[in-house]
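Read the structure below first, then the notes.
Labels run A, B and C following the written order; every chain starts at residue 1.
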Amino acid sequence: MSASGPSDDLLVKVEDLHAYYGKSHVLHGVSLTVGRGEVVALIGRNGVGKSTTLKGIMGLVMARQGRVLFEDKPIAGMPAHRLARLGIAYVPEDRRIFRLLTVLENLRTGLDRSGMTTTRRQALLDKVFGYFPRLAERRDQAGGTLSGGEQQMLAIARAMMLEPKIILLDEPTEGLMPRMVSQIKEIIDALHREGVAILLVEQNVPLTLECSQRVYFMEKGEVRHHARASELSVNDPVIHQYLGV
Amino acid sequence: MALNGVDFEIQPGEVRAIIGPNGAGKSTFFNCLTGVRHPSSGRIVFDGVDITGLPPDRISQRGIARSYQITNILPNVTALENVRIAAQSRRHAWNMLRHHGAFRDLLDEAAAALQAVGLLNKAEELASNLSHGEQRNLEIGIALATKPKLLCLDEPTAGMSAAETRDTMELVQRIAKNLTILIVEHDMPLVMELAHRITVFHYGEVIADGTPEDIQRNPRVQEVYLKT
Amino acid sequence: MEIPWEFIAVQTVNGIVTGMILALVASGLTLIFGIMDVVNFAHGELFMLGAYIGVVVMSFTGNFWLALATAALVMALIGAALQIVALRPLIGRDPLTTILATFGISLVLQNYALYQFGPITRKIAEPITGQFSLFYLEYPWYRLAMAALSGAIMGGFWLFLKYGKYGIWIRATTQDRVMAQAMGIPVPWVHTGVFAIGAAMAAASGVLFGPLSGVDSQMGLAWILKAFIVVVVGGMGSFGGSIVAAIFISLLEAYATIWVTPSQAVIVSFVVLILTLLFRPSGLFGSAPR
């Protein structure tokens, strides 16, 4: 089933994506789009293939069938480091910051790119530390010593170092306290204001409805439904059907 | 803490589903039941016998069988062989001299287990050649061949299409007639249709326990799932 | 029994000197394993070929330092080529295939060296001659210089790892290959680079060690075994661990010669290996398996 947002200025287009973990057929033909600067959510229960869809776009999982287009160019099969250079950043579900590198070194993995002058690098660093003052305080601390919420901040900050056009954000609020959840919401809003597109996988319904423009609902490896966030409320039967019990 | 003060009871012949968000402790619970992990405190009593802390092979001998989230079959032997090896664990274990084909009773039991999971026509097929859905069902067949009293199924429909899921659900309904079944799943429609009772885990604790209708109407469960 | 203090002092110096060279060989090995899970059985041959290149450059120019630099550079290039041709195609396959591949490379290189240079041991002249009085011995300055140079090379590399841009790439790739790629780091090239650096370190060790006992096609074999022991004891993938373990084992062996002959003292390293595997299999500084 395919559904799309504004047909002009599409940043990412996924068409009939099938993906496997070994023999396990996890994605049975996922189709979705993300427009430039849009925040699009992908929601569904555990095990429906949301994370796998993000990994499929990032080339971290084998896609056997279907296409992924970035700015109208096919990217399926391209290695992840080339996609990062093209402007796709990935923030995985378990954060996966570099535990033995300091906060600053974690950021440098994305900061030290070709074409980055010293001034631009410092400006970007200052900007991101402005968003995450806690990280600035801990810039010389090893990533592994940060709390869960701080690691999530670092994972997002690290992605921002790539100055990406789209961030694939996998369950950023999982396991976080409510105070941190609202911080994440502010970051997503700020990124949206800057024109960064976000493909957000989430199970937190209120956050999703507040941050996104459109929502895709997944079940059993497929996109089953699609709606504008403005048309949905927390108690919508559709929400219950795909997320609830 | 993975599990915090979990009290749990299951009656013979029940089909009980365990649900809960990620990290809720469902797998840890299974691991404790099947001897893969030892609880730090508390007891597990099965069929009147305290099995806390027993190693997995002893627990299997007592009648608890388990299928795994990541398929655990032997890929280089046939489907029948996979199941026969499981059946063999129950007796003739020390008889090393006779050819395995001579144990007719085991072959019959293995065939019966394959029949129960709908794979009898694939008996001579190498397990690695089976489709993913067939492999998952074979895993259930292997568990069945040990003639368990309690069958624990860990996300049996993970990675399956809607059609394969329906087949597996019918399979479980068929075998449920003679067994007690404990199933961890994320597929809600499946769980609602299959289970007599549902237990909901969250952050290592049981937050709800009841019939499918009870659970659907339980506001705390909705809260936990929708994070409202 | 009277304690032979002077002997112990001399053996301490010897142990440290040998330990530093061993550390240089082993750190290349542990680096390669740490970043790409490749057990490089050809490492001893990279050491040996480096020494031969040193011999060749010495025979043309007589300049030891030029020989050292050339050997490191040439072996870095050869190492990179080997990794691209033989090891890259094996990524994602059973680890046994890379073990077999590097073992095959080691055989090829040994026999090539034998064919090219013949069976007679070659010599590399010491760049620094002369001795000083160390207790009851006339101790060669060169041995100290050799240890200092090894230390300098390892120290320089450590600084590069810690502060250099590519050093961060290497450390990130070692910790999480997938996320390093997701950050735009070209991981396949980092792997090639690290293999080249490991080869260069092995080659430098070969040239440094050359003046001590001569250069022949089999010289890699004795060192590779010790190097593997050091890597396991220090923790596979731990740069600092291999240095500590190398010096520790070399010192123990050196002290053991108070009571036994040097060829028997080798047993010490095996005892340490067995004890490590029994009680602390991840090594002194090793990290848990990924």
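Rule of thumb we're sticking to: a residue touches a chain if its C-beta (ideal position, glycine included) is under 8 Å from a C-beta of that chain, and two chains touch if they have at least 3 such contacts.
Bear in mind the structure is a predicted one, so any value in this text is a computation, not a measurement.
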Of all the chains shown, whose C-alpha centre falls nearest the centre of every protein C-alpha atom combined?
A
Taking each chain's C-alpha mean as its centre, the one farthest from chain C
B
Could you put a whole-Å number on the gap between the CA centroids of chain A and chain B?
34
Using CA atom averages as chain centres, what separation in Å is found between chain B and chain C?
51
For chain A and chain C, let me know how many angstrom lie between their CA-based centres, rounded off.
43
Shared interface positions of chain C, touching two or more other chains
none
Which residues of chain A touch chain B in the complex?
21, 23-26, 28, 45-48, 173-175, 203-207, 220-221, 234, 239-240, 243-245
Seen from chain C, its contact residues with chain A in the complex are 165, 168-169, 171-172, 175-176, 178-188
Could you please specify the touching residues of chain B with respect to chain A in the complex?
19, 21-23, 71, 131-132, 135, 155, 158-162, 165, 186-188, 200, 215-216, 218, 221-222, 225-228
Which part of chain A faces chain C closely enough to touch in the complex?
58, 60, 79-81, 84-85, 89-90, 92, 96-101, 105, 108-110, 112-113, 158, 161-162
